[in-house]
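Below is one structure. I have some questions about it.
Note that the chains are named A, B and C in the order they appear, and that numbering of residues resets to 1 at the start of each chain.
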Amino acid sequence: MHMADALMSPAVGTALWGSSAVAMAYSSKKVQSGLDDNKIPLMGVMGAFVFAAQMINFTIPMTGSSGHIGGGLLLSIILGPYAAFITMASILAIQALFFADGGLLALGANIINLGFFTCFIAYPYIFKPMMKNKFDEKNLFKASLTASIIGLQMGAFAVVIETLISGKTELPFWNFLLLMQPIHLAIGVVEGLVTAAVVTFVWKNRPEIISSSFENNRLSGVSIKSVASMIMIMAILTGGFVSWFASSNPDGLEWSMFKTSGQEELEADGHVYEKSASLQEKTAVLPDYGFKNTEGSNIGTSVSGIIGGGITFVVASALGFGINQYKKKNKTDNKAA
Amino acid sequence: MSHNTIKVVDLHHTYPDKREALRGISFEVQQGESIGLVGANGAGKSTLLQHLVGVLMASSGSIEVGHIPVNKTTLQTIRQKVGLVFQDSDNQLFMNRVYDDVAFGPRNYNIPEDKVDDIVKESLNRMGIEHLAERAPYKLSGGEKKSAAIASVLAMSPDILVMDEPTSGLDPKSRRNLINILGSFEHTKIIATHDMDMVIDLCDRTIILKDGLVAADGPTLEIFSDAKLLEECSLEIPLRMASCPKCSKQSE
Amino acid sequence: MSNIAKSSQNLRWMDNQSDKNTIIHRINPVVKLVVSLIYIFTIISFDNYSPERLIPFIFYIFIVSSLAEISLIHLLKLSAVSLPLIIGIGIFNPIFNREVAYYIGSIPISFGMLSFCTLFIKSLMTVISGLLLVATTGINNLGMALRKIGLPKIFAVQIMLTYRYITVFMEEVNTTLTAHSLRANNKGVSYKSYGYLVGNILLRTIDRSQKIYEAMCLRGFHGDYVTGKNPKINKTDIIYLAVWSSLFIFIRYYNLSQIIGNLIIGEF
């Protein structure tokens, strides 16, 4: 799932961009120090391939729904983890820029969620070890499925955490988790099956492609040290930014823990609401992150704010319209002249 | 001047899957010659072209371009002398703007940007596509793409142009346009093609390849009127010559 | 399959927009990128419960889109892609947070409603500003701008290469799917066929990359992907940057809507 800008706080967005940048810088160095110049066009066309392949939906039997490939695992198998990571990043960038799929500030987060976990954890530590013993169809199937599922679960979990810390949704942690993980379990299964199908085909028809990239990748393996240090850097950046923002910007941050007393609540809708409310209180993760913020924003004067907002909107659109008309008039004047 | 000659001596090429694509090709090309390279699919035309630019290396035999042998150490020089135009222009145009594709070559040789601009403008001019400089490749028609691809090769200022099926996929007008432009080039040209009529228009000399060997090498009109030879090489008399009373009489 | 047609159309539209020559298009791409990022950053730094404070940010969108002659309606249509996610998650806000914030007349407005509203407005603004950036800049300038703000060169190169071949591959996928559907008797792509279909395209992809690599080498490529000169920054660019960033920061800290509203109410 692609994170949107509106769901992130500046702190989380910046921290993840920082982490992304670190991972990208490291990967670029690794790719450039590799021996193959021909990786560059290969990465480019593989990126375009994954992009286009994502548009092929296949029907999942017995469910009536359809699925498509994500790409991280397949790219890692063909290109190796570092090149695959950069390729995934470029695919995500194009999706964000040209297709409004994922935000610009959230791009860093998406690169981590959808790129890092598949290329640097699922592929080297799940897929490759599972294929070490024997490279055959059955192993390929199992490894592909396992790696995809775990990679996507990690990505989905990251989304939940990022959203939680950003505090833009009132959805409680457990509810969101229970929403995200099962969906991504299904997506992970699809991804695994699809990757297995494609890689099996390639392996049966042109085995040298698979074996040569395996050879290369064995030589440029992903060391635990580098993965661990990347994760540590991310954690430090996240913690650093988040606390810096909290201390320097008291207004409007979702750190307020005050529940107003003396404010009426809307009438409860019956048992369901009461039950979920009590469940929420009992199982609230980070119960300190209350979202019922009254200290930060000035509620009392909000009515005038709404009026002012309306007027502002009208003025802005009038201005825009005016510019449009002016330009059109200029064009027709020029044509007539 | 002998620096634009090509000398191919007993060239052999065997692919990794043991397929023998070239089994002893020999010929010589003088500067300024225009040679048509014809033959059935699989006869070895594309393989031969790739050898001429050093994309493939000989299993045995040799190639010399302007007295420089083609091997791994001379590649940079060879590729400045010989330009190859691919059959699929999409593989040759890999930038997002025609201008950048044409400029790619000169930029790689660290030529200053204003000089690059002159070279690009000249190459585009030569092909009559200055107006396409800012266009994205995917917006071009087949003929425009081919012209852009050729322009990108011309920007390298090669002395010898080697082309793989240049008119394939072109509509009649683009095809005629291309033939006219190519006819105005003074480069040494080797054109691999199925378009026999184009060969008649552009090439005084023709080489027929059959099963990795040279089956014929001589004046185009003479070769093309030998119906028996053409049939043996899985070819046909070009349409233009089929109804020609003089030529059809010869084939009887 | 209509996915592909729609995506190709989108790309084409974006490309055509970025070919225009307005004052906005002529602004230095790095400046435009930075302004967009500041815009998005400022917007998402707002809290959850003051949607009215976001409204003044719409000036940027209206002014830039009209100066750049980009159809706002079309941008809205394109941004519809991002809405399902926001609505899907945001709709829980009014459900889970029903504390009343204030009343408009006798209508209670809950915090949940406010946060949903805020989320929605933020989403629309950030997405449209992103699309506006791309529509006024184009892929080549974007690649250059991304490099200039410090992203690795190979990343920018990959964006350009991937972009270049997306249309080619979408065409190939289209052809393959059409060929399949002509013999598939109205069924979708089964799991078994998928491996063959996509696998074949993948093999052709790898072969094509080899040809492209040859094309690059034949024109002198030796590992370092070269691109052209970079546009300079002039006075207009600096003014653009200064005006917009100060405006954004000003609106961030001064509740413009409230000020105007107070004035109006004060009048009465």
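Everything below uses one rule, namely that a contact is a pair of C-beta atoms (placed from the backbone, for glycine too) under 8 Å apart; a residue touches a chain by one contact, two chains touch by 3 or more.
Just so it is clear, the model here is predicted, and its values are computed rather than measured.
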item	value
Chain occupying the most central position, where position means C-alpha average	C
Comparison of A-C and B-C by number of C-beta pairs in contact, larger one	A-C
Chain A and chain B, separation of their C-alpha mean positions in angstrom	48
Mean-CA-position distance for chain C and chain A (Å)	15
Euclidean distance of C-alpha centroids - chain B vs chain C, Å	43
Of all residues in chain C, the ones touching two or more other chains	160-161, 163-165, 168, 208, 212, 216-217, 221-222
Numbers and ranges of chain B residues touching at least 2 other chains	94
Shared-contact residues (touching 2 or more other chains) in chain A	41, 44
Interfacial residue positions of chain C with respect to chain B in the complex	12, 15, 19, 139-140, 160-161, 163-165, 167-168, 208, 211-212, 214-222, 226-229
Contacting residues of chain A [partner chain C, same complex]	1-2, 4-10, 13, 21, 24-25, 28, 31-32, 37-38, 40-49, 51-53, 55-61, 66, 69, 78, 86-87, 89-91, 93-94, 96-101, 103-105, 163, 167-172, 175-176, 193-194, 197-198, 200-202, 205-206, 209, 249, 251-254, 260, 263-266, 268, 280, 291-294, 296-313, 316-317, 319-321, 323-324, 327
Interfacial residue positions of chain B with respect to chain C in the complex	53, 55, 76, 79-80, 83-84, 86, 88, 90-92, 94-97, 100, 103-105, 107-109, 113, 116, 134, 136-139, 152-153, 155-156
